[in-house]
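Could you have a look at this structure, given as structure tokens, before my questions?
Going by the order they are written in, the chains are A, B, C, D and E; count residues from 1 in each one.
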Amino acid sequence: MKRQRHRRIAVGRRAPAGAPPGTLVAQPDADQTSIEIFGYGPKGHERKSRCTASDITAARAAWPMVWVDVRGLADTALVRQVGNLFGVHELSLEDVINVHQRPKAEDFETHVFIVLRLPPDSSDAAGEQVSLFVGKDFLLTFQEREGDCFDQVRSRITSGAGIIHNGPDYLAYALIDACIDSYFPHLEALGERLEFLEGEVMLSPSPGQVSELHAVKRELLLMRRAIWPAREMVNALLRGESRFIGKKTLVFLRDVYDHTIQLMDIVETYREIASGLVDVYLSSQSTRLNEVMKFLTIIATIFIPLSFLASLWGMNFDREASPFNMPELGWHFGYPLALVFMGGVAVAMIAYFRLKKWL
Amino acid sequence: MKRQRHRRIAVGRRAPAGAPPGTLVAQPDADQTSIEIFGYGPKGHERKSRCTASDITAARAAWPMVWVDVRGLADTALVRQVGNLFGVHELSLEDVINVHQRPKAEDFETHVFIVLRLPPDSSDAAGEQVSLFVGKDFLLTFQEREGDCFDQVRSRITSGAGIIHNGPDYLAYALIDACIDSYFPHLEALGERLEFLEGEVMLSPSPGQVSELHAVKRELLLMRRAIWPAREMVNALLRGESRFIGKKTLVFLRDVYDHTIQLMDIVETYREIASGLVDVYLSSQSTRLNEVMKFLTIIATIFIPLSFLASLWGMNFDREASPFNMPELGWHFGYPLALVFMGGVAVAMIAYFRLKKWL
Amino acid sequence: MKRQRHRRIAVGRRAPAGAPPGTLVAQPDADQTSIEIFGYGPKGHERKSRCTASDITAARAAWPMVWVDVRGLADTALVRQVGNLFGVHELSLEDVINVHQRPKAEDFETHVFIVLRLPPDSSDAAGEQVSLFVGKDFLLTFQEREGDCFDQVRSRITSGAGIIHNGPDYLAYALIDACIDSYFPHLEALGERLEFLEGEVMLSPSPGQVSELHAVKRELLLMRRAIWPAREMVNALLRGESRFIGKKTLVFLRDVYDHTIQLMDIVETYREIASGLVDVYLSSQSTRLNEVMKFLTIIATIFIPLSFLASLWGMNFDREASPFNMPELGWHFGYPLALVFMGGVAVAMIAYFRLKKWL
Amino acid sequence: MKRQRHRRIAVGRRAPAGAPPGTLVAQPDADQTSIEIFGYGPKGHERKSRCTASDITAARAAWPMVWVDVRGLADTALVRQVGNLFGVHELSLEDVINVHQRPKAEDFETHVFIVLRLPPDSSDAAGEQVSLFVGKDFLLTFQEREGDCFDQVRSRITSGAGIIHNGPDYLAYALIDACIDSYFPHLEALGERLEFLEGEVMLSPSPGQVSELHAVKRELLLMRRAIWPAREMVNALLRGESRFIGKKTLVFLRDVYDHTIQLMDIVETYREIASGLVDVYLSSQSTRLNEVMKFLTIIATIFIPLSFLASLWGMNFDREASPFNMPELGWHFGYPLALVFMGGVAVAMIAYFRLKKWL
Amino acid sequence: MKRQRHRRIAVGRRAPAGAPPGTLVAQPDADQTSIEIFGYGPKGHERKSRCTASDITAARAAWPMVWVDVRGLADTALVRQVGNLFGVHELSLEDVINVHQRPKAEDFETHVFIVLRLPPDSSDAAGEQVSLFVGKDFLLTFQEREGDCFDQVRSRITSGAGIIHNGPDYLAYALIDACIDSYFPHLEALGERLEFLEGEVMLSPSPGQVSELHAVKRELLLMRRAIWPAREMVNALLRGESRFIGKKTLVFLRDVYDHTIQLMDIVETYREIASGLVDVYLSSQSTRLNEVMKFLTIIATIFIPLSFLASLWGMNFDREASPFNMPELGWHFGYPLALVFMGGVAVAMIAYFRLKKWL
């Protein structure tokens, strides 16, 4: 049994307690920062990589809608600069940098601030954090890393499909939807692992399975930790209090909400099954112990009296010194009778076990 | 113990994360699509099978109320065509095709969208999904397969009974009611299985029972997964916010709501009993182990000292070499005394066990 | 251990799924139907047994208030006839006949419909269902059987006490109160059984107790299933939304509500104690096993080395063939030394056990 | 282990089900009734013991505020007489007499009716019930017994402190506060008992501890049963809907509410710790069993093969009859070799155990 | 295993039940009282230590905002004097002195009263209590001890940063934020301890781990006891009902609220993992016992029959007295045949075990 490496539930590096709000402390393993700008509108779109702050101002002037996508959060100065361009609150910037936030939605004067969390993958145990700022005419996103499940959304812009005919709220929906939907394959993989374990525990219980079940339950716990607040977040958006989410987009968000409920539902079902399997395992262990002990008891209790008898007649009392000393050893049928008697004891014992339903 | 085949908790095939909403991807095992139309009104009714989209338009013109029943969801193009005829939202169509939705009710401009789930049967582990769209003058339903528990409702139309004198909301109620009521026999069967197990666990606990209990609990979990959201769905309809559900029909839906509560109540009661039975089984195992071990202990501890004594007097110390070497072997009553002493030890042991209340 | 007969949690016989609402299917073991009428008012009262539908009409004309008490539900036609006289909804009649309803209160145009459930008794495992229809000037009740805990209420009418000076809502309160209060003795009996078991489990744990505890928990589960919705039902009435429950009667219903809370509180307390006792039992089993095994271990590990030594010196190596072969058998103090050595081993073992705190 | 005497969770003696409301049935062990009157006002106070009903009328005329304190509830006629003087509802009187009420607050026309429960003591397992009726100018209290924790409040009246300058609601607050605060020492004692048990279970687990833990959990359950509804009761008063509780007193009640929350919080924490300790005990038992069994296994498996070998060479095959019969017995170094061989087997076994990490 | 010293869940010393409200009883281990005053405003700031009551009056006159920081609560007279200066309610003063309050926020006429609790440290098991009174132009704080996590906030005042440009509500926010954030390192330490235990339980389960897990769960329980009401408290402030918390500060408090939710989330996750680990440990114990017992059973059941055979042929039946007495001892190949037979029995046993999958 190798030591299992668990995904850690990290608290995250943060400014020391008592520091003024808005103190930006980059995470030790943060990626280099790069900015990509999508300017788009009903008439077309433009994509520009490796931009600077001034590119953003230019794009906002040129296009009706702008999506500024910041990837990598090592350069806190640049992050702050971009944030200030869009009037982002200093506390929100802190949340962007300290990538251990729970999914949430917060309403501000000029935008809605949304935190998402992608499902965990091999390179990132807790799942990448994505921060979205949805304004009247802009979408500002911050990601921890290059390369993600948003590529397909990007190609939907460049293909000139629905997105360019809608506001930034619809684009934000598309990103949230892509993020939530990317949990399904992870959950399905966990489900298959659980199902396999279920068969194993039933068929051939073995010690490693409990550790395996513990690991699955732990993964489900982490899943729930990410999905539950996502559900809350989408629900908060759905309540429709934000000016920046249009009524048309709400219908689509309702669909996302359904998906989060579905995810939670599956997670809870899996958790209950996993808990039940620990019980099944424990009872199988206890059954097995019973079986083993019964076998030992039967063998032992049959032979213990027989061995005693054999030892008895192996004693060296001096038969010549007295006729009372083990006269049976000298009987004509002494040995056969002894064997018959031993057999009788064995048969009686077996009969007793049968009576007790142990055999 | 054969490997038990569990109903799988499937996540369902869906468009890849990031795909535009309304992308229809047919499930791999979807049935061929066929359409049946019921035109009806207070003055009569007409039933027409294997219809096309144009038949629907004709029927809507001819009859005050129309029930369009689409069975089999393999032909996504036809499903989309029918959906468009009735102004169904693209997201709803996605839910119709991806048959892993939880029961729900959603309000739209021109109709209410209701998802139902039939109880699981031998051919479909998760239970068939039924999607209903209730409008002012139409009912549009999508089923996964031909042949279901709605036949009796159909005959109630053709028999000219109450349904034809009411709107499509009443017909929808009749279908929902038929669907919910079809859970009762399944639950009753589970209840009988549980009751049988209860007797078995009490009378003769055996290892397979825990797996059986696990299977029953799993079934109940799946039941709850289907009934709980159905309860929510009916409750949402009951709150009476939809224009498409008449006040008169609400009284009937209240009855359906009662049934869902009753179902949930029974499911929860069964679950608690099943959980309690696992405890009973484990304690019976532990009791049995105690019993077996006590028996072994008693037999062993009586004979172990006796065997030692017999071995002792079976030693070959040279009595001729010294008068100190096992003189008891030469005593006149050595052997009888030894037997009496052994008997005394056995009696003392038994007395000790009686004192300890082990016998 | 005899097979315990559990009260069954029945789903009840019902019309097949899809049948039109209001289809009355009598339960297989329903009693013969008979009707008793109480006409009463401030000026007096009249009691009439074995009535027909026309007697009801006559009594309603003659008396300001009428209590129609229908007992036995086999005659569905008569039940429907009586129901129609008072404008009872067809779904309510279905609930009256299918006697597996949860306690509930439903508001209709002309009456409130209340379902009660008496505590289980020897003849009826689930507890008799009582259905009440409280109108402006009538009380209509349906019971499964003759003879119940309402006799004392009846005598309060005939004795000319408070009831006749109040409306049918007060009479309904009196019946509900009598029904709820009849749970107390049942709960007290369960409490005594539990208390007895508590003493037994502490003093002398034995296998049957877990089954007993399971049975008690099951009974409590059934109690809770009946009392919880009764609490909800009384609460619904208390919220005072019904026109048919007077303000004065609400004060009395608040008292009934208190009693349901008290019942729930005791049921939950008992359930927690029962669950705790299973733990106590399991730990006592595990303690006992420890004790038994420790005893066996001590006896066995003391004698096993001794027996080995005795067997060793019982070997038949040919002392004459070589001076190396078991010379100790010929020593002058060989046997006493051997005994002393054996004693030393035993003492060392016992000392070791004392050191380990096993003795 | 002596049979532990548990505090009983009594249902209480009550009028038979169906009896008219307000039927007063004295508890079998009720104390003799005596009345004490405190007349007080800003100008002074008067205390009078062993009063009659007419004394009450006199005191109400003489003083602006009157506290009538009835102790002992055996004389139901006197209780009813006093109750009627203050316009107490017949159902409230029933609650006063049947001293098994949960703490609650009920609003009436002329007064608020409050039920309190003192913490359990040696003479009263369930805790004495105190009933308060707070009116515009009177406080009417009913206690089960003489002598309680209210003495200090009484001395606060006679000392001319704050109470006499406030209305009866403030006096009622003082009594409620004294009652709630008297739970703290009881809880502290339970906490010390639990802490002691915690140390014991960790250091030297022994069977009696589980029963002890069960007893502590039971006490906590009873505590919770009393404190939880008290919290609800104070909260109900706090919501400020009663005319008889002044705004100034509400501030003080908020403090009482805080105390009830603090009590609940401690009770729940203790319960969780107690539950955790049962787990710790069970795991220590299982660890101990493992240890004992491992020891037995090691001793037994080392000596069992050795004993077999000794027995083998103790067989009596006739060496003279054939050279194949146990020739090793005649070897020159037979015995030493046998001893060496046995030692080798023992060493091999020990090595195996070391390999398996059992030693 | 040394006796673990647990942090005690203390109830706290308090005035005896029934004492008038506002009775100040200093805790036995309270520190000496000293007062520090911060006068500040947009124009500058002043810090003054070891002040008296008259210094406070002077500072309030001189500066627009004043922070009075009282440390050590032994001098109840001084505490009361300071409290009266700011119009603090006597009940609040009682809460300040009795340092066992749960975090809470209470609204008064002239201020908001906030109770905080710092995380536990080595010198204070329950965590230091901090009481804040936030008024229009003052902040009054009471701490149990000198030296805390507020030093950084103090330096933010003296550095002339944001705090001096805002009201006392912002300063209060800064203190609350510093307090809540100081929980993160504690939680992280617990998380590391748990993670270490997780690895240990999986790899090499040992008895002490359950006690360790119990200790971790206990710490988490204490954490939750402090964080949960803190969350409630911040939420109460957030609901914005207090006049003394400005709208701008609410945005910052929302961030604190997020942190409390994050803390609760981590605490609950850790608790679930810890609970799961106890299961893993128990199942590993049961697996280990199975393994040990199986080994014993195999060794014992192989050798028990062999030993019996050896004893059998060691019996001393007189072969000369009768040809029936153990003739096999005289056979030419008696001994080799006996050995072969014994070997056969051993092989059969092993084969049987293989068949049973025990080997």
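Throughout what follows, contacts are C-beta pairs under 8 Å (C-beta built on N, C-alpha and C of every residue); 3 or more make two chains touch, one makes a residue touch a chain.
All values reported here derive from a predicted model rather than from experimental measurement.
Asker: Compare the two sides of the subunit A and subunit B interface and say whether they are made mostly of the same residue numbers, over half shared, or of different ones.
Answerer: Different, since under half the interface numbering is common to both chains.
Asker: Would you mind pulling out the distance in Å between where the CA atoms of subunit C average out and where those of subunit E do?
Answerer: Roughly 39 Å, centre to centre.
Asker: Approximately how many whole Å separate the CA-defined centres of subunit C and subunit D?
Answerer: 24
Asker: Send over the residues of subunit D in touch with two or more other chains.
Answerer: Subunit D, residues with two or more chain partners: 282, 286, 289, 293, 296, 300, 304, 307, 311, 314-316, 326.
Asker: Can you tell me, using the touch rule above, whether these chains form a line, ring, star, complete graph or other shape?
Answerer: Per interface graph, the chains form a ring.
Asker: With subunit B as the start and subunit C right after it, run through the chains round the ring.
Answerer: B, C, D, E, A
Asker: Can you tell me which positions in subunit D touch subunit E when the two form their complex?
Answerer: That would be residues 149-153, 156, 161-162, 174, 177-179, 181-182, 184-185, 187-188, 191, 195, 198-199, 202-203, 251-252, 254-255, 258, 261-262, 265-266, 269-270, 272-273, 276-277, 279-280, 282-284, 286-287, 289-290, 293-294, 296-297, 300-301, 304-305, 307-308, 311-312, 314-318, 321-322, 324-326, 358 of subunit D.
Asker: So in the complex, which bits of subunit C are touching subunit B?
Answerer: Its residues touching subunit B are 1, 3-4, 6, 8-11, 14, 16-21, 89, 91, 94-95, 100-102, 104, 106, 207, 210-211, 214, 217-218, 221-222, 225, 229, 278, 281-282, 285-286, 288-289, 292-293, 295-296, 299-300, 303-304, 306-307, 310-311, 313-316, 319, 326, 329-336, 338.
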